[in-house]
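Each structure below appears as structure tokens.
Here chain A shows up in two complexes: once beside chain B, once beside chain C.
The block that comes next holds the complex of A and B.
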């Protein structure tokens, strides 16, 4: 029993990470109808930037010296560093749309998706080049000492897990309100539905897309900075995360932020529960989430909460 | 003469190698209803798309709205000048509800309360849309979608309305209602209109003037009355 609960808690933690990255993927999908394969790497880049913001200049981490001398009060406290990283993420996202996606034009979604894969490789190389292959950990914004946990049925529920979920829920509610109840959200939905007509009603499509990319990358940056406290950041971290996040987004339905949350939970839990009980070796830890994905898609081809497209007659 | 609401000079357009418009010159004066007739493929849709600077069209020439050159402006800022365009076929947002389609039609407006009043107005005009209020536009019938596309354009309270075959796929009684509405919008609210229409008889009835487009050139222009009595027009468009 204790072991089961502990595994659930562990799965919940990983699930939060997958879910937040999945939410970022969903956001891009909602705004553009595309999958951004570079989402994880963009997030990781921002995680490292958070690290630079909060490390002292003599830490030996690349960039701390030059950036530190520019920033007042550097090294920054954790929350400020995370806020900074989220803003950098927002700018990075907007820039990717402006400099890479826009010139490709809307007529070539496949080309755009390919470019995001190229960006994945590029950013990964860049991070490796700048910060090296070492694993880095940095302080969690939540209390994360030995005793910072609740004991439930003998298992530990870390404050960090709760904290990450709390932030995630706030993000998801804010995003839901934005998409469903605001003019900006209506514009996002209109753009995905009919780009030509969106222009015709006066929606500034370019501006909306930049905003969409910015918000998505900002959420990714938040995810990367929040988990920094609990897992080690290294250049390969996000490749794996992205695969899980893609599975999570697919399970939840690619256009549903709410679905991304449930998808993240399902992936996290299946990953922490199934191998332990069924004896799946850890090399195959990717398997349970993928099986879960196939099972869900078998019964609900558009995911748990995804919009089923209307048939035109 | 006062500045026309829309002035098109030397408009040429092509799709890649194919030249579609070969130097069009025409105007729509303030408060006028002008109809454009022409065979399939003569370039009517291309003309309207060029005016709004919509994608795919490669065009040159000058477009002026209220005397302001908008030839190089993007679609969004042209629309913000009080122009609305009902594109040919599928002008709706299929994944959005009927209500949201109307809401987004008012995207450039800020007067929230008046927007709700206008929605009620078009719901009264097309009661079937009211019944389908929460249904996605994609699940409406072709005719219902056309009503929605027209209502959506009117939601922006345009000064200048471009209509690309508004009667397409509608039942005769609905068409009559629709043209009645256009006529009233023009006489009571002074909305200027440029209408592309195959239903020439009906269009000429509410129009002040008309142009006949042939292979990308204006072959004939004149008052609606004159066009109605023109033997060539009668033969080609009025089925006389």
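The block that comes next holds the complex of A and C.
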């Protein structure tokens, strides 16, 4: 029992990270019908940027020295560094939309996917080129010492897990408020339902899409910055994260933020519970979420919470 | 055949013919190993370019082909038999993977194959008896010219020639395939799956068939690689191989057979240029940027010609 609860708590931490990335994926999918394969790498870039912000100039991490001479008060405290990374992420997202996605218009989905895959490969190469293949550990913004945990049924619920979930829930509520109660949100929904008509009634499609990409990339950056303390940042980290997040988003339904959170939780838990109980080697922890994803796609192709579209020919 | 294509074909044939004269045995061997990847790129092209199914996992099929070849050669099978069997086996694996994967629509296949590409190396590490586990395994092969040719000391040229022959056979088959009823069915599926089904194309069966052929091609590439460089290990077949193959297929041009040749030209040229210039020591940056630029350019060209067509009518 103790072990079970412990495994659940462990899974919840990863689940929150997957859920945040999945929410970012869903955000883009809702606005443009596109799966952003570069989401993970964009987030990873921002994670490294947070690392640069908060490391001292003599840490030997590429970029810290020049950043240190430019920014006042560098190295920054953890929270400020994360805020900075989120802002960089926002800019990166908006830039990607403006420079790469907008020229494609609403052209073929294949072209859009190709660009995001190109971006994935490019950013991964850049990160490897700039920061090298080493794993970097990362301070957590939450208290994460040996004793920073609640004991529940004999299992440790770490403050970092609670903190990550708290941040995630705040983000979701804020996003929900934005989408439901503001004019910006109304514009988003208009674009999602019909881009051309939205443009005709005066919705600023271009600005809204940039904002949407910015917010999604910002959420991704937040997710990457919060993994600190538990996951080591290295160039392959985020590709695995991406597949977990894609699995989470697919399980939940690609157009449902609620589903993304639920999916993230399922993926996180399956990743910590299945290897433990079924004797799957932990190296293969990629498999249970993948299998879950394939099963969901086979039997409920639009996910557990997604809407079923009607197809016209 | 247009003039430009004829020139391209002539240049390719000429280049392939003079390559053995200009290069050292080591260089020629390396060229052969890259050249056989043209089959994997052709496989991606058949799937993505002709049928509209995005495969981010063809490196897996290359890997399966290579490991199968290694194990078949353990049984002291003649190379030709082993090559055929390894290709057929990889095709069969393609069908097994395809059965669930092809029931899903559109981009979801990209998701599943991407997951596959990430999951393959850890799975290969686990299956130590077949793959040699963490360190990989040698391949027992005597890929030497038959004694009646009297060129025992020119084994590298013999190997190169065999590779070219196998590649040429597959190209001939692929050419017949895309020009046949099956090829038209593939393109109908690419353009609109629902419409294709309405016109009587057996969608699921056609997709499974093309995945089998496409996987078998990649399997042949892997099997040839395994005998060109008699050591196979999971590190050769990581997710980046799959992504590079995909990038090469897009760079070369989707939906044309010659595209695979151009694409593999990129696979050969990029590391060579990197070696010579030594600017960027990782290929991801080049392939990622190339993928993005090629897509943006081709979309722009497509849109221009569409505008022109409208203007003319």
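We take it that the second predicted complex is superposed on the first by the 301 of 313 C-alpha atoms of A that agree within 3 Å, B and C clash if a C-alpha of one lies under 4 Å from a C-alpha of the other, contacts with A are read in each partner's own complex, and residues count from 1 in each chain.
The rule is short, and it goes like this: a residue touches a chain if its C-beta (ideal position, glycine included) is under 8 Å from a C-beta of that chain, and two chains touch if they have at least 3 such contacts.
Keep in mind the model is a prediction, meaning the values are calculated, not measured.
Visitor: Now for A:67: first (chain B), second (chain C), both, or neither, which partner does it touch?
Guide: neither
Visitor: Tell me the contact category for A:293 with respect to chain B and chain C: first, second, both or neither.
Guide: Second partner only.
Visitor: After lining up the shared chain so the two structures overlap, which partner does A:113 touch, if you call chain B first and chain C second: first, second, both or neither?
Guide: The second partner, chain C, only.
Visitor: Taking the superposition on A as described, I'd like to know which of chain B and chain C A:307 touches: first, second, both or neither.
Guide: The answer is first: A:307 touches chain B but not chain C.
Visitor: Taking the superposition on A as described, I'd like to know which of chain B and chain C A:124 touches: first, second, both or neither.
Guide: second
Visitor: After lining up the shared chain so the two structures overlap, which partner does A:87 touch, if you call chain B first and chain C second: first, second, both or neither?
Guide: After superposition on chain A, A:87 lies in contact with neither partner.
Visitor: Now for A:200: first (chain B), second (chain C), both, or neither, which partner does it touch?
Guide: first
Visitor: I'd like to know which partner A:178 touches here: chain B for first, chain C for second, both or neither.
Guide: A:178 sits against neither chain B nor chain C.
Visitor: Mind telling me which of the two, chain B or chain C, contacts the most residues of chain A?
Guide: C
Visitor: So chain A touches chain B in one structure and chain C in the other; where do those two contact lists coincide?
Guide: On chain A, the overlap between the chain B and chain C contacts is residues 311, 313.
Visitor: Touching residues of chain B toward chain A in the complex: what are they?
Guide: Touching chain A: residues 52, 54-55, 74-76, 79-80, 84-85, 87, 90-96, 100, 103-105, 107-108, 136, 138-139, 141-142, 152, 156 of chain B.
Visitor: What part of chain C is in contact with chain A in the complex they form?
Guide: 48, 52, 54, 56, 100-101, 103-108, 110-112, 114-116, 118-119, 122-123, 125-126, 192, 194-195, 198, 239-240, 243-244, 246-247, 250, 254, 280-292, 295-296, 298-300, 302-303
Visitor: Going by the contact rule set out above, which residues of chain A touch chain C in the complex?
Guide: Interface residues on the chain A side: 35, 37, 100, 103-105, 107-111, 113-115, 117-126, 128-129, 239-240, 243, 246-247, 250, 281, 283-284, 286-287, 290, 293-294, 297-298, 301, 311, 313.
Visitor: Going by the contact rule at the top, pick out the chain A residues touching chain B in the complex.
Guide: Result: residues 106, 183, 186-187, 189-190, 192-194, 196-205, 307, 309-313 of chain A touch chain B.
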